[in-house]
Amino acid sequence: MKKQPANLRVRLPVFLFLTEVIFIALFAAFVTYDEHADARFQTNQTNPMHNAVYRDYPFFTDIQVMIFLGFGCLLAFFRLYGFGGMVFNFLTATFAIQWAILVQGYFQFYHDGKIHIGVINLINAEFACAVVLISFGAVLGKTSPLQLLVMALLEVPVFAVTEWVVLKYLKINDAGGSILIHLFACYFGLGVTFVLYRSGLSEGHVKENTSYNSDILSVMGTLFLWVFWPSFNSALTLKGDDQHRAILHTFIGLSASTLTAFALSAMLNKNGKLSMADVQNVTLAGGVTVGASVDMMISPAAAYALGMLGCTACMLGYKYLSPFLARHCKIQDQCGIHNLHGLTGLISCAAGICAILMADEEVYGPSIYEIFTHRAPVEGDPKLYELQALIPGIQAGLGRTAQEQAIFQVAAVFSTIGLSALGGILTGYVLRLPLLGSPSDDFCFDDELFFEVPPDYDSPFQLGNKIATEESAA
Amino acid sequence: MKKQPANLRVRLPVFLFLTEVIFIALFAAFVTYDEHADARFQTNQTNPMHNAVYRDYPFFTDIQVMIFLGFGCLLAFFRLYGFGGMVFNFLTATFAIQWAILVQGYFQFYHDGKIHIGVINLINAEFACAVVLISFGAVLGKTSPLQLLVMALLEVPVFAVTEWVVLKYLKINDAGGSILIHLFACYFGLGVTFVLYRSGLSEGHVKENTSYNSDILSVMGTLFLWVFWPSFNSALTLKGDDQHRAILHTFIGLSASTLTAFALSAMLNKNGKLSMADVQNVTLAGGVTVGASVDMMISPAAAYALGMLGCTACMLGYKYLSPFLARHCKIQDQCGIHNLHGLTGLISCAAGICAILMADEEVYGPSIYEIFTHRAPVEGDPKLYELQALIPGIQAGLGRTAQEQAIFQVAAVFSTIGLSALGGILTGYVLRLPLLGSPSDDFCFDDELFFEVPPDYDSPFQLGNKIATEESAA
Amino acid sequence: MKKQPANLRVRLPVFLFLTEVIFIALFAAFVTYDEHADARFQTNQTNPMHNAVYRDYPFFTDIQVMIFLGFGCLLAFFRLYGFGGMVFNFLTATFAIQWAILVQGYFQFYHDGKIHIGVINLINAEFACAVVLISFGAVLGKTSPLQLLVMALLEVPVFAVTEWVVLKYLKINDAGGSILIHLFACYFGLGVTFVLYRSGLSEGHVKENTSYNSDILSVMGTLFLWVFWPSFNSALTLKGDDQHRAILHTFIGLSASTLTAFALSAMLNKNGKLSMADVQNVTLAGGVTVGASVDMMISPAAAYALGMLGCTACMLGYKYLSPFLARHCKIQDQCGIHNLHGLTGLISCAAGICAILMADEEVYGPSIYEIFTHRAPVEGDPKLYELQALIPGIQAGLGRTAQEQAIFQVAAVFSTIGLSALGGILTGYVLRLPLLGSPSDDFCFDDELFFEVPPDYDSPFQLGNKIATEESAA
């Protein structure tokens, strides 16, 4: 067996300590508590139970489970790369969240010379982290932990800038993050994997397969994601009926895509058998597809249809598009993120635009101007005061029409895809630095390279080979 | 090895697409948002944080974890049927919830020509789903996914009708669902497995055993169920002290049954060793046993006693009754649901009746008429106005005495058992249709029939046999 | 293979039934509902949604997941002791919580001749349970279940008394339980394992290793603990901004310690590889280190620094101190609790004292007297009325200065360590009673002694040996 020189004994600690020192310096210089976490804002008017923590924390923990256990188990599906999938996910997620607290904090929560943090920042940072982990899926098993950390280091700021531009200047509706999270993550990841193309793996790899236990573990990850996805899609919606709808739509969309995934999995298999890879991935498509319109009054049936549609696109993508991209476009998309996040994200954006075009006061009542804040009348418009008499929370907006809002959504889709693909390609070139210890082709999908492995590592297979050898000898 | 013709390549997709089309048509025609999820109900009086979603959603996610991860892992205990246990649970649960939203919606949430949905419907549908999954336990490993879906298709309406009849006409107290959920699920499942009796399996099956990893996985399922069971038992109680008591009693009951299960497991084993099957199942008995009286003022000690009692009955059932039923009554109850849900459910009903008979105003104060709504004075009774001065929420009831209420509880038990057993038997006959692809005896408890399995499937055992063969040859 | 006589068929059931009878008698005689769980306290003034259950229950379930799934999986890291790790954790935890409800109830919730229980008691009891489970880590694999139960039986009262003395007489700040939980648990466990010293294991044990699957399972446990640790550290803080800060600090501390753990793990390994034991344990150090000052205004950067510091101490402890203690002090600390809970706990106490010394009204505003209740002016002091005008919730205190409070903290640290080590040593002597069925050296770390094991138990290893034998024969 060829020896592999990638030894991270110096490089990984140096990188981590360096970034930690920078993080702590930035924390010390710029980060303080927001008013819900600061003891000085406690007065005789404050009811402790009205603290924002009680609104946000349950959603935060749900998303934490998704990030650390959901993604962690899901990515542990390779038989010899279970440590890598689960543990590098842990490392990368932790790193990305910290970095996102600082970067997003600067763009979104910075005032009076300080970044103000509370649980709401952590939720936002978890979304940035989810972006990194989705992109990670494209290069799973083919990257060193140092490469993953550098990817997170570069992706988070590109994401934060894109998010800030899109939210601040284009002002779009995207409660479930189909545009900002899923499309961004997908095209960034594809950009990275395009640059990291390995011709040596174009015919597959001997270790690129699953084991009975790793398949079950990965389904557990799917189930964690499935169960808590409604919290993910609804964490940043408006409170009240909007959040309630987001939960319902996500649940319905996931349910529809799950049944569709089982149907298609059996149908497209020549023996009518179910494939665990489909169960692990395609079932989740509905959660993405409902994203962009998740808080709107699209009707439960539309959420159902979106789930079915997204799942079908995702499944066909796995079956036909991914092999095509790998063969002809040098895009080796390891976990098929283009199917689960790209195709479904695009459908979601289209659905969101339809929902925007069809939204009117008859269906939403005056609260349409709370959901579509940019369609609210401008300051000074007498209509604004009428509306505020009905719902005091309505703020002055930009007076956009539905068509105008739709155009901004389209612009957001294209600029997100453009920025993310560009960012991904540039990041890919950085990741090719030899310093970052990329594993050789032989050592892809192999825990032995980066971990001390226990004595039974690979044993059933070695034994199997052993016996096979004996048999052929006999 | 005999070949098995059950190929679901056409049948499973046809069934799933057909039902999905019907579901989406029904959603489009009949399902709309309830007032907590509808943007039109937002007014200047609405406080978004008072939306029902904040009361219900935490309980919903807890039960989701139980359904998908708890049942999923618990049912994955066979060494060669881990995919089947976990994945068919996923499929069946998703299907059952959707279907229950529609069917229960028609019976319970239908007005003005529409089914109104919110998170509360999802919780109700999860209970219907739990019923299906418990029944699934009776036939685990011996049914095709198509059979399971057809079972869910038939069981959900029978359950919804029974539930509606019992709640609307008999008007019983059953907060934890011991009668409606556990007894129904048990006797339905026994009915099905009675009809599906396989004489070829009466001496056991070579694949009907566990592996080290599958046993651990199954205990994880038990722990998920254990941890969130208080949410299950309290999700539909009255809010406030009732829900608080339901949580306490469930926790205490489970604790007591866990200790008892360990004691009995060691005691009934000839070497004093613990059996993992006991740890996986019998520990949970207390959660069922406290169900029918879970929100009443039974005292913590009574919850403890119920946990011990239920656990003892459950353990003796596994030890003596299940083999008897299998041998003499043609009831092959794969997971022993009759012990964990049937015997304990009966004890729970009896305890509930005792608690009803002993309930008086001295113990409960005037809020007795909130818990036992049917014992509240009838409209017009001056006592009603007195009570409403003390607690405004008290509604006019039926003026039932404790004895009358107890009789209705008994009637509910018998009618539930009758309807469920009948429904199960009829469903069993439907499941025998050859079209549904029931696995042959040889392929029971075997993932290979319905799944693409990874290369190491069954490998330690094949290796073991291989070596055993070599040794016997030597 | 030597035969082992430890048969628990009689002893374990006798112990469990006996304690259950005592528990139920105590429940019947002394335990009643607290006012939030008692139907009689329902009046026309009561808003059911203001019940304390809604404040406490989400934290309770989070901690339940930590106790049963987090500890359960984490402790299942031995390749042949996965049942033992997970199942004895289940048994011991269930037992300890029940016992703690009674014992703590007597010290903290006893009035009018009754222990009043609600979910808040369960949370307190879970902390007592966590103490027992941490101590369990010191003797994992070397004790019978009966020994563990007896340890819980003795440890809970010693803990409850220590807690009561420290909180009632020394009146310290320790929101995250660094002193009371982590230091107590650590030195109690070390005391026990010191007395249970096995010279036969001083050179290690053939079964004292992990497998690929057990390592992954253990990381899952780590992730459960990681994800919900903020709930653990904040469950008993003041509501509002205090709880909010506790969540933030715990998250930041854990994040910092995770990155540090990865850096040090690669750096201290001669091949630069990551060790799964480090990933499983050392990543969690930050959660302990922030504990004693978790609700204070220490600044996010300080939480970050504490995470790094604690992690470094913990890692060096594993590398150098644990082997030293095992060799020279007869302290065989199986899971290295002295590193993860002792060293970090001491750092946390020191940090807490610094935070106390630096706390002033400028940073906290008047709510400083809510967090540091004992520094509030005494009854009658005019300053008290001024403060109460600003924040009505401020209660009269003891008028302690920061320095005085710091001295009490130091006293608490020493008395906790003293009482716990003494208690542990005495408990160790009790556990040496032959009656308790301690496993012989040969049967340590071996599930076969106490469990019915499935046919593939140890099979890859037996096969491996088999083949190795054949090869050496050939």
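Think of it as A, B and C in the order they're written, each chain with its own count starting at 1.
To be clear about the criterion, a contact is a pair of C-beta atoms (placed from the backbone, for glycine too) under 8 Å apart; a residue touches a chain by one contact, two chains touch by 3 or more.
Being a predicted model, the structure only gives us computed values, none of them experimental.
The two sequence copies chain B and chain C touch through a face in which the numbers common to both fall below half of the numbers used overall.
Note on chain A versus chain C: their Cα superposition corresponds to a rotation of 120 degrees, in steps of 5.
As a whole-number value, the distance joining the C-alpha centres of chain B and chain C reads 33 Å.
Among the residues of chain C, those in touch with two or more other chains are 58, 213, 460, 463. The part of chain C that touches chain B in the complex is made up of residues 7-10, 12-13, 16-17, 19-20, 23-24, 27-28, 31-33, 36-44, 46-49, 51-53, 57-58, 61, 64-65, 68-69, 72-73, 76, 82-83, 86-87, 90-91, 94-95, 97-98, 117-119, 122, 145, 213, 217, 450-457, 459-460, 463, 466.
Chain C makes touch with chain A in their complex at residues 55, 58, 62, 79, 209-216, 219-220, 223-224, 226-228, 230-231, 238-245, 247-248, 251-252, 254-256, 258-260, 262-264, 266-267, 269-276, 279, 283, 297, 299-301, 304-305, 308, 363-368, 370-371, 389-392, 460-461, 463-464, 467.
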